[in-house]
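Across the two complexes that follow, subunit A remains constant while its partner is subunit B and subsequently subunit C.
What follows is the complex of A and B.
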């Protein structure tokens, strides 16, 4: 696939032009942390960021989304009939998405777009989006992407991978769409020293990321063995069920559906939900299969590390972005839990 | 491809109060658009999301059989926000149905077999669908003996009373209706808990499958009885309930281990369930 060198100065000009063709999202510093926002000017994007606080999943699966609308007016002959809400899917470019987060889109898609059912909103937004990712030269301390099956320079989920080589970017087209897009960008042949620099940065970044656990070892125990393992009691002890982990996680896709009514009009909306909350599984009868905190904590880790790989035969539902590790208020660490799950050792690692 | 979250608009044709405590009502629904009805092809054991604009959706087993044309019906227990509202709705009002959802009882496998149905309380809805389906003249010859043990706490809490009486009179189905207790002197059927009556009537497990639906306590005590009668776990079939939202295996809440009850279920064999975490 094609490769180009684009100086930073040139890149800003290119981005300016792309903004007339695409709705461009990029990492924007909001005072406290970076998040993906629609760029108003090319300069809004801060590509010196490490990673965004929130994962970019919200760009395809918004935190709250109007699914349908309806009238409840008594004199409306269509009252009570639920109808599709008008939506647009403009061509979108996600700039600076990290390789782990792009890989997360693929993992979520295995659940959202299946042979039997397709989530129309996810599918349409995903189809309209081109991912111009940025390799991680400086992984965070909580990152473990290489352990989770991706990596700081992983191209898998991307259309174009950018590598920041100081003065500019080495841009590599990954997909056909990425090739076309890169072809439309002005750039130069990559000088051999920058090819070498890019490879050096990759080796360095990967070298900083140790092996945190062995994904294959998670297969060595059955669902029942892990479900009934004694270590969950220790893992769940400090959890306060705040849901921060699921909120920040790029592969946590669960949602609730609720009706909201204002006067004579209503919307059916979906909104992110979390397996950390008891209401998530609370039956109308009052029965709750996951009424206990331990059951909810176990569900989160089992889903990511055991149920998902068993069901979809692809990876684990974790890309090692480290957000849950970094922001858990009680320091629960999925790397530690994965080690407990993959070995018989129940001592703190 | 159609939006799998969008309910078909339907009109309530009739509402029947099923039980003396008035907590269960059966709603007969007709599709507003014939093309939706044509698309709604289901098998006994499947469920649908009933949608009430302004309140939300609830997953309910389909109580009609696909052999009954022109309408679908659902028996709804009054428990929460949507069901309370539904119980106050009247014939003529518009609501929505989304489905059919989930898998169904394994009719392909049940062909040529004797079928033992064990049901309790208001979990009899998809069992009614199954009985009506098997008794249909075009289908009856496809199945062997049909035995039914159906119980409720009292005679007034049985569902579909007229049909039960009609099935009692038929020769091609062995009905064992029971109540936990009654002081009705005219009660002419069994008295006793479903597991005890199942044990007493001892339907043969020879070339047979059992379909069991009911409250957890009934299932818990019925399973050993069926095992004693010689039903192996792969021939005991049950249907589970869970809190659901999407109904299509996406929203993430109704899983038992690797399986989504809404999409991979709600019908499971005991063999399959015993390999899953005990979290339902």
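What follows is the complex of A and C.
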């Protein structure tokens, strides 16, 4: 696929032009941390960021999504008929998405866009979006993407990968759409020393990450062996059952559906939900199969590290972005838990 | 504060070996710098994992409500005040508890430190003599500890445990002449519409993860009002009214019960200054009833009792 060198000066001009063709999301510093926001000016994007606090999953799967609407007015002949809420899907460009987060989109799609079922809102937004990712020259200390099966320069989920080589970006088209987009950008042939520099940055970044746990060892254990393992008692103790880990996670896809009615109008909305919340599994009968904290904590790790690989015959349902590691208020570290699961020993981290 | 670690370990081993308690709740060193993990020890041989430094901001009283066993707990000033709240609210019995009082020097604010590092990643942090040395790949900085405390710690006037069975360090000098409500007075001075605007803006980043609530030792209701489903009182989306309702009601539930331990703010993944709500109520309770939460087990909190002299200016 095509490769180009784009100087930073040129890149700002290109971005300006792209903003007239696309709704461009980029990492914006809000005073305490970065998050993806619609860029109003090219200069709003801060590509020197590490990663955004919230994952970009919210761009395709917002926290609260109005799916359907209905009327309950007595004299309305269409009362009680649930209709899909009108939405627009403008051409979107996600600038600076990290390779791990782009890979996470693919994992979510295994559930949201299948042959049997297509989630229209995710699918339409994803189809309208082009992902111009940014390689991680300096992964965070809490990152473990290479362990999770992706990497700081992984192109898999992207349309274009940018590598910051100091004075500019080496841009590599990954998909056909990325090729077309890159073709429309002015740029130069990549000088051979910058190709070498890009490769050096990749080796350096990958070298910093190391192997945090062994996914194959997780696969070789049986579900019941892990489910009944004694270490869950230790892992669960500090958990406060908040939704930080699941809400910050780029691959957590669970949601709740609620009807909200005001006077004669109703909306059916989809809202992020979390397996950490007792209400998540609270049955209408009043019974709760995961009434205990231990059961909920175990579910999160078992889903990501055991049930998912088993069901989808894939790697783990985690891309190693490290958000949960960094922001868990009580320092529950998935890398430590994965080590406990793969070795079933209770050695300290 | 390193010395605390040895004394906590020694006490834990002794209390468990002598079967004085069933479990010890403290901290172990975190897997990343500037965070430690609440840790429960049952076996004396695990006691050497216990640890103490300026990253023990989590309020361990949060792990005590409704326990039925005998517990030794390492407790800072605010933790002991929340234990007092638990005792007053019958969440645990005094005779179940063995309190290892930890006079506190204030806990570090990892987010403030992250701000100072401007994107550089710490791999190692160590405290000594009022400084914090932080290093990472190709950098090292030494910070003045007191400049990087959690905001609630910097205005704390009860660093010493108010209730304990034994101390794991010498009592510290309490901070004097602290003006606790500078920020609250500024909010009070706003016109109602501006104040509404202020609070609306404050909770804008909220993602309804409930980390603030779940980190709070006083939030122990078996079912929180936002989790009631029959009927459901509060909507679950990011609708402004619902989100504000959650924050307002949660704060009101904490009137006269909040010790300003800062757990809520510390836990919030999106950096909301949640204490702006609870501090206003703390100030009101202090001004109306002259009551400071969690200092005495012998006095009922003002909102669960009646005295003939109680202010009634709000009845009109």
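Just so we're on the same page, the second predicted complex is superposed on the first by the 349 of 349 C-alpha atoms of A that agree within 3 Å, B and C clash if a C-alpha of one lies under 4 Å from a C-alpha of the other, contacts with A are read in each partner's own complex, and residues count from 1 in each chain.
Assume a residue touches a chain if its C-beta (ideal position, glycine included) is under 8 Å from a C-beta of that chain, and two chains touch if they have at least 3 such contacts.
Note that this is a predicted model, so its numbers are computed, not measured.
Once subunit A is used to superpose the two complexes, subunit B occupies space next to subunit C without a clash.
Legend: residue contacts after superposition of the two complexes on their common chain; A:210 is shown touching neither subunit B nor subunit C.
After overlaying the two complexes on the shared chain, residue contacts for A:227 are found with subunit B alone; subunit C is out of touch. Using the contact criterion defined above for the overlaid structures, shared-chain residue A:118 touches subunit B, although it does not reach subunit C. Contact with both subunit B and subunit C is seen for A:282 once the two complexes are overlaid on the shared chain.
Vectors from the Cα centre of subunit A to those of subunit B and subunit C enclose 90° in the overlay, to the nearest 10.
In the superposed model, A:63 makes contact with subunit C only, not with subunit B. Once the two complexes are laid over each other on the shared chain, residue contacts for A:295 go to subunit B alone; subunit C is not touched.
Of the two partner chains, subunit B is the only one touched by A:253; subunit C is not. The overlay of the two complexes leaves subunit B and subunit C separated by a minimum Cα distance of 6 Å.
Contacts of subunit A with subunit B, set against its contacts with subunit C after fitting on chain A, overlap at residues 256, 258, 282.
For subunit C in complex with subunit A, the residues that touch the partner chain are 28, 30-33, 35-40, 49, 58, 62-63, 111, 115, 119, 121-123, 136-137, 207-211, 213-215, 227, 229, 232, 235-239, 263, 266-267, 269-271. By the touch criterion stated above, subunit A contacts subunit C in their complex at residues 32-33, 48-50, 53-54, 63-64, 138, 140-142, 208, 234, 237-238, 240-244, 246-248, 256, 258, 260, 269, 271-272, 274, 277-279, 282, 325-333, 335-336, 348-349.
Per the touch definition, subunit A reaches subunit B in the complex via residues 67-68, 70, 72, 79-84, 111-112, 114, 116-120, 223-224, 227, 253-259, 261, 266, 268, 270, 273, 275, 280-285, 289-290, 295, 299, 302-303, 307, 310-311. Touching subunit A in their complex are the following residues of subunit B: 1, 3-7, 9, 32, 51-58, 79-80, 83, 93-96, 241-243, 245-246, 248-258, 263, 275-277, 279-280.
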